[in-house]
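Here the chain labels run A, B, C and D in written order, and each chain numbers its own residues starting at 1.
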Amino acid sequence: MYPPSFEYIRPGTISEAVALLGQYGDDAKILSGGQSLIPMMKLRIARPAWLIDIGRIPGLAHIKEEGGYLKIGGLVREADLETSDLIRSKFPIIHDTARVIADPLVRNLATVGGNLAHGDPANDHPATMLALEAKAVATGPRGEREIPITDFFVSFFTTALAHDEILTEIRIPIPPPRSAGAYFKLERKVGDFATAAVAIQLTLNEDGTCKRAGIGLTNVGPTPLKARQAEDFLRGKKLDAPTIDQAAQLAADAADPSSDLRGPAEYKKGLVKEFVRRGLRRAMERAEGRK
Amino acid sequence: MMHQTSPEIGGMGHSIKRKEDARLIQGKGHYVDDVHLPRMVHGHMIRSPYAHARLKSINIEAAMKLPGVLAVITGADLAKANLAWMPTLFHDKQMVLATDKVLFQAQEVAFVVAEDRYTAADAAELVAVEYEELPVLVDPHKALDPGAPILREDRGEKTNHIFHWEVGDEQATQKTLQDAPVRAKVDAVFQRCHPAPLETCGCVADYDPIMKHLTVWLTSQAPHAHRTLFAIVGGIPEQNIRVISPDIGGGFGNKVPIYPGYVCAVVASLTLGRPVKWIETRSENLQSTGFARDYHMTAEIAADKDGTVKALSVKTLADHGAFNAAAQPSKFPAGLFSICTGSYDFANSFCEVDGVYTNKAPGGIAYRCSFRVTEAAYLIERAMDVLAMELKTDPAELRLKNFIPPDKFPYKSPLGWSYDSGDYPAAMNKALEMVGYRELRKEQEEKRKKGELMGVGISSFTEIVGAGPGHTFDIVGIKMFDSCEIRIHPTGKAIARLGTKSQGQGHETTFPQIIAQELGIPASDITLEEGDTDTAPYGLGTYASRSTPVAGGATAIAARKIRDKAKKIAAHLLEVSEADLEWEPGKFYVKGAPSKAKTIQEIAFAAYTNLPPGMEAGLEAVDYYDPPNLTFPFGTYICVVDIDKGTGEIRVRRFVAVDDCGNIINPMIVEGQIHGGLTEGLGIAFMQLISYDENGNVQGGNFMDYLVPTAVETPHWETGKTCTPSPHHPIGAKGVGESPNVGSPAAFVNAVVDALSHLGVRHIDMPVTPWKVWQILKEKGITS
Amino acid sequence: MAVRIDNKFQVKEPVDRVWEFLSDPRKVVTCVPGAQLTEAVDERTFNGSITVKVGPSVTDYKGQVHIERLDTQAHEIEMVGKGQDVRGKGSASMKMTGSVRALPDGDSEVSTVSEVTVVGLLAQLGSRMIQDVSAVMFKEFAKRFQEQLQQDPATPAPDPSAKPEPVKAIGVLGSALGEAVRRTLHRKPESPDES
Amino acid sequence: MAKTQRIRVTLNGAKHELDVEPRLLLVHMIREMPGMTGTHVGCDTTSCGACTVLLDGRPIKSCTLFAVQADGSEILTVEGLIRDGKLHPLQQAFHEEHGLQCGFCTPGMLMSTCALLQKNPNPTEEEIRWGISGNLCRCTGYQNIVKAVQNAAGKMQKEVAA
């Protein structure tokens, strides 16, 4: 409710911010949307000595297609993703995801970068980015480096970002024709973390068989998960009911949830299974331009 | 039905827009946290992280060294003033600040006072408290085990048992059950939940050392009762205490008890001679202030093959937490739980309740209900559905068959209540028609063939509200009457003051309508005041839907006293005898000569200017009304749900609520109350739960995990009404605030169970979550 | 909030050496990320502290480790560690039974059965956290245990009379945890079954 | 205590220069201002939305933003809705449709719906329900709030048309 004291710095550029991280080390935390960090500070379970506010740094709030990638700046607010025509028309999976993150008020401050860099397996973007096989751009003292999202989520609340690196951009390969995705989430109420959620990104061959499937899972393990076996299994297959069911089962097997107030582990695995089914159907419809 | 006044007068039955809105929509409401006084300082409560522990030491040195810290009060300090414990509203006592041990997680241990809230929070972290953890007891069923740790050593009793209470004819009931061709039994837990009004509890205590006078701004549903308790507990002369209950951000029972934070703020102000504000956080509110329910119930019905119910047996284990702080003023340990025979004509019934202590927060308050009525209504409505399933008959028909017939009112229930009035079939039939019951059952049949799951749930509840009567209800001996004082100004305008306190019910709008009805003075000409103990007449407050049944009666009678005097003045002005006068709202006129009339305004002016010889000046009256009986609102609710087989999600497709609360003062406000109560019922049925793990850690102790519905989870409500006035109430009203919360949980749960009944499902405990439904579907092989 | 964690791992060392290490809390603690012993109260009791970091959250516990049971024949030790949050927000305790058995190839297998109990604010905020953090910590424990044994020169048994100097742990969980799990990326813990 | 920092904010049209401790939450900064207690605090976990204000036109939870972050911003609170003595159509509509009871969530609801109608002048019932899903109300069951927003939407479109 009443956060502990800290010093506040608002650098004008990313390089300044990075330098400050180097200077203050572990006692410093990056403040972007603050919608995860500030609640933890109010409960006093997080107590950084220095807050480095990157919220106003220019040039990090873009949503654009460039060089075969959809590029989303680290400071793009969830609300902007939700209302972006580019996203709605070309990346329905991201639109699906953005609109179920927290609540409309939180989405006005929460940033995509923060949602990923927090490393919380309960956050929604990680699964979606895993499905899309995005790349995270980390800016540090030695400049930029691209981290494949598949290497980004290291362990519970731990990402591949070095302490003095900042997530400045997400790069999503622009999918070929006959591609689409969907995000299915069950939450106990609006604003809650997912009990379980599934992100599906699909590319179909001309004959309607599966060319590529990306499947990401939310809040069913210590890290966001990629259901690789299910993805591999689907490649080249016709997406009929039995195939979809088998893929769903493989994804459920990949989930490693723990039981909590949101439900027993068995239920969460069941949700993964059901949402993979629904996600594949929805993605297929969208890819075929039926929805 | 009563006479309908003109819209200009705006008496009963008019949907007048609310007066209080003007300030609330402009951010000019005045809630306790908005009180700002010169030199005001802030309190912060230090709470136990342990559910059961010996308190070994408290070291405040480091905290006291922090700049801006003024005091750290401990249980030891309070003990010196004999304030370490305080009485609860139900024959128990409760620790204000722990002295030797703590009994629940988040129990109050020390109180830090500092110049600002941030500093107080910093200081709280510097207070070093040493505990020795003790074995934790969270399961009420284990509370009476021989090996169970004894929690309340202070009582000097070797048991965690608080009370055993029983009512009814045990032998006859058991005999009927044994001989019954059909028996239906249900074990149901009404889970621990919390009212969670959007404004938490808090106060500003301002002691004036020179005048030796204490003013307390308090989130209080019962300011007068609280003033008297402060006087008794704190030893301050009652004339030197002023309790002001300003705008209240919702109460729902949460703001009836006195909490340790209030006492600490008062003590701090007495010690420092400065105003002390204490506002609890949401987590503190959910974890330490009055919880509701936690009733572990078994009901068994005996019936004939044709479905006629004969007897009802109810056995209940009541978990009261660490202290019996049940905020209920009845003479019965389980409050009005014995209304559990509900709307049905049982020849015999027996009801027994045992209360136990556990390492959980104290409370047992009436969450938007009258002292355990919700538990009772839920139990009987669930049990009737189980009986219908046993008999394979339609739950609506079963209810219609067993309703107390309209001609049997006033009805004496086998457990001793005297129901004032009711027409249960009328409400039921209206609801069935509104929802299109027959078609729904057809649709359900079709859907089941296709393997789809939909359910229809019915709840035909009977409420019992309006405590008084004083012979059955009191707070520390004070009879539960309520009061109204009306003063008519010379210009015919008026001010009325009541002993109740609105928390959103719109008293500033509705009570003037009663006066307008009785005197014909436009409601808009009447100011209403509540919540200031220096100005309002003594009353017991607003909860248990008692404002209209009790204070509403006082208001009508006070107005009638004024009308009686007005009649004398009118006779004097018109130079006729009182017997020659006729009344119509707003004026007295001479029989047969309607033009010869005096308006209430003319009479009011005369009351100060031109009185009959020997009559004292002024036109005012006060009434303290102790109702002869409770009132018994009722209704039928029908809920339609669709279930997602893949996820277990439950969608409330439709919800029809037909309420009968007797004569209605303001239909708009009544409908608003019903919308709100249904939404809280929805939360209780599907989402709201405060549970504890084996170490006594609160689960659901903040708004991330204590789930209250948003607009998205909340369906569109369909409301309807019938009107069966209360025969004993001055304006035939019954009170409505609680009905939707009391009646709806059973409708929701019955709907879900109905959707699964063909699979053999008979009961699911609340909150009915998607994962519970999914697990059942999984067991039954419906989902994979 | 109690979480049970079973852990089994192999060490390329003879059983006696492993047992010697496992039966000395001052050595064992060096394998627990963020933990350190500050003083020996007696030969079986030690004061110490541990810092647990998860993402931005940090909790400092101060408390005691006590050897409840030491069975040199069966090579089995039962330790209880208990700490209170230095800011009074709760406590964490762990009951660990550790045993070593010789494997045919001359190596040893260490088994630990532990119950971690968390009380207070953290326990309110989520079982999820405790389950996952504990699991990760034990993976790190296993890894370090093996590393330490390799480095550790044949050590004298702790001398109860002498007040031992503090035994420092290697770094704090946050970063160490990161390292540990980076190596074990995408591999599930051996058998952390919840209870 | 960390040293204070100088910030400049425009609150309901009035410019302010303040020295604030970095940890001071925006909601507390606002509530400390004379006569500005209309913005409420209903929880400690960023869940209830009682503290909703418009920050540069966007509705946000002022309990989850530090005052220093608002430096240079325009803040609109419920006190700023009334314009030259005239109630905002939403304020009028909440009154007419009985869209409030205890009134504690009302300021936050008004700010959320105010922004909603700016973005979407003619929302459907579903859009309204999603639009206010960051604001909890314990009294009304939301139904009359939805009606109020529809009522206001109608009024405001007439105004535009006129």
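We take it that a contact is a pair of C-beta atoms (placed from the backbone, for glycine too) under 8 Å apart; a residue touches a chain by one contact, two chains touch by 3 or more.
As the structure is a prediction and not an experimental result, all values here were calculated from the model.
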Quiz prompt | Neighbouring chains common to chain A and chain B, by label | solution = C, D
Self-check item: Chain pair with the higher count of C-beta pairs in contact (B-D, B-C)
Solution: B-D
Quiz item: Which one of the chains is closest to the middle, using the mean of its C-alpha atoms?
Solution: B
Quiz item: Where the centre means the average of the CA atoms, what chain is farthest from chain A?
Solution: B
Practice problem: Averaged over CA atoms, how far is the centre of chain C from the centre of chain D? Could you give it in whole Å? | Solution: 50
Exercise. Provide the C-alpha centroid distance between chain B and chain D, rounded to the nearest whole angstrom.
Key: 30
Self-check item: Distance between the centres, which are taken as Cα means, of chain C and chain A, whole angstrom
Solution: 33
Practice problem: Could you tell me which residues belong to chain C and also touch two or more other chains? | Solution: 87, 89, 121, 127
Quiz item: If you look at chain B, which of its residues touch at least two other chains?
Solution: 117-118, 125, 281, 283, 699, 702, 704, 708, 710, 712
Exercise. Two or more other chains in contact with one residue: find those residues in chain D.
Key: 1, 21, 23, 44-45, 47, 130, 133-135
Quiz item: Who touches whom among the chains?
Solution: A-B, A-C, A-D, B-C, B-D
Exercise. In the complex, go through chain B and note every residue touching chain A.
Key: 117-118, 120-122, 125, 281, 646-649, 687, 699-700, 704-705, 707-710, 712-713, 769-771, 774-775, 778, 783-784
Practice problem: Could you pull out which chain A residues touch chain D in their complex? | Solution: 1-8, 10, 31, 34-35, 38-39, 41-43, 51, 53, 55, 79, 83, 102-106, 108-109, 190-191
Self-check item: Touch list for chain D against partner chain B, complex
Solution: 1, 21, 23-24, 28, 31, 36-45, 47-48, 50, 77-79, 81-82, 87, 91, 94-96, 98, 100-107, 110, 125, 128-130, 132-146
Exercise. In the complex, go through chain A and note every residue touching chain B.
Key: 1-5, 44, 103, 186, 188-192, 195, 261-264, 266-267, 270-271, 273-274, 277-278
Practice problem: Would you tell me which residues of chain B are touching chain C in their complex? | Solution: 46, 49-51, 105, 124-125, 127-129, 131, 133, 283, 693-699, 701-702
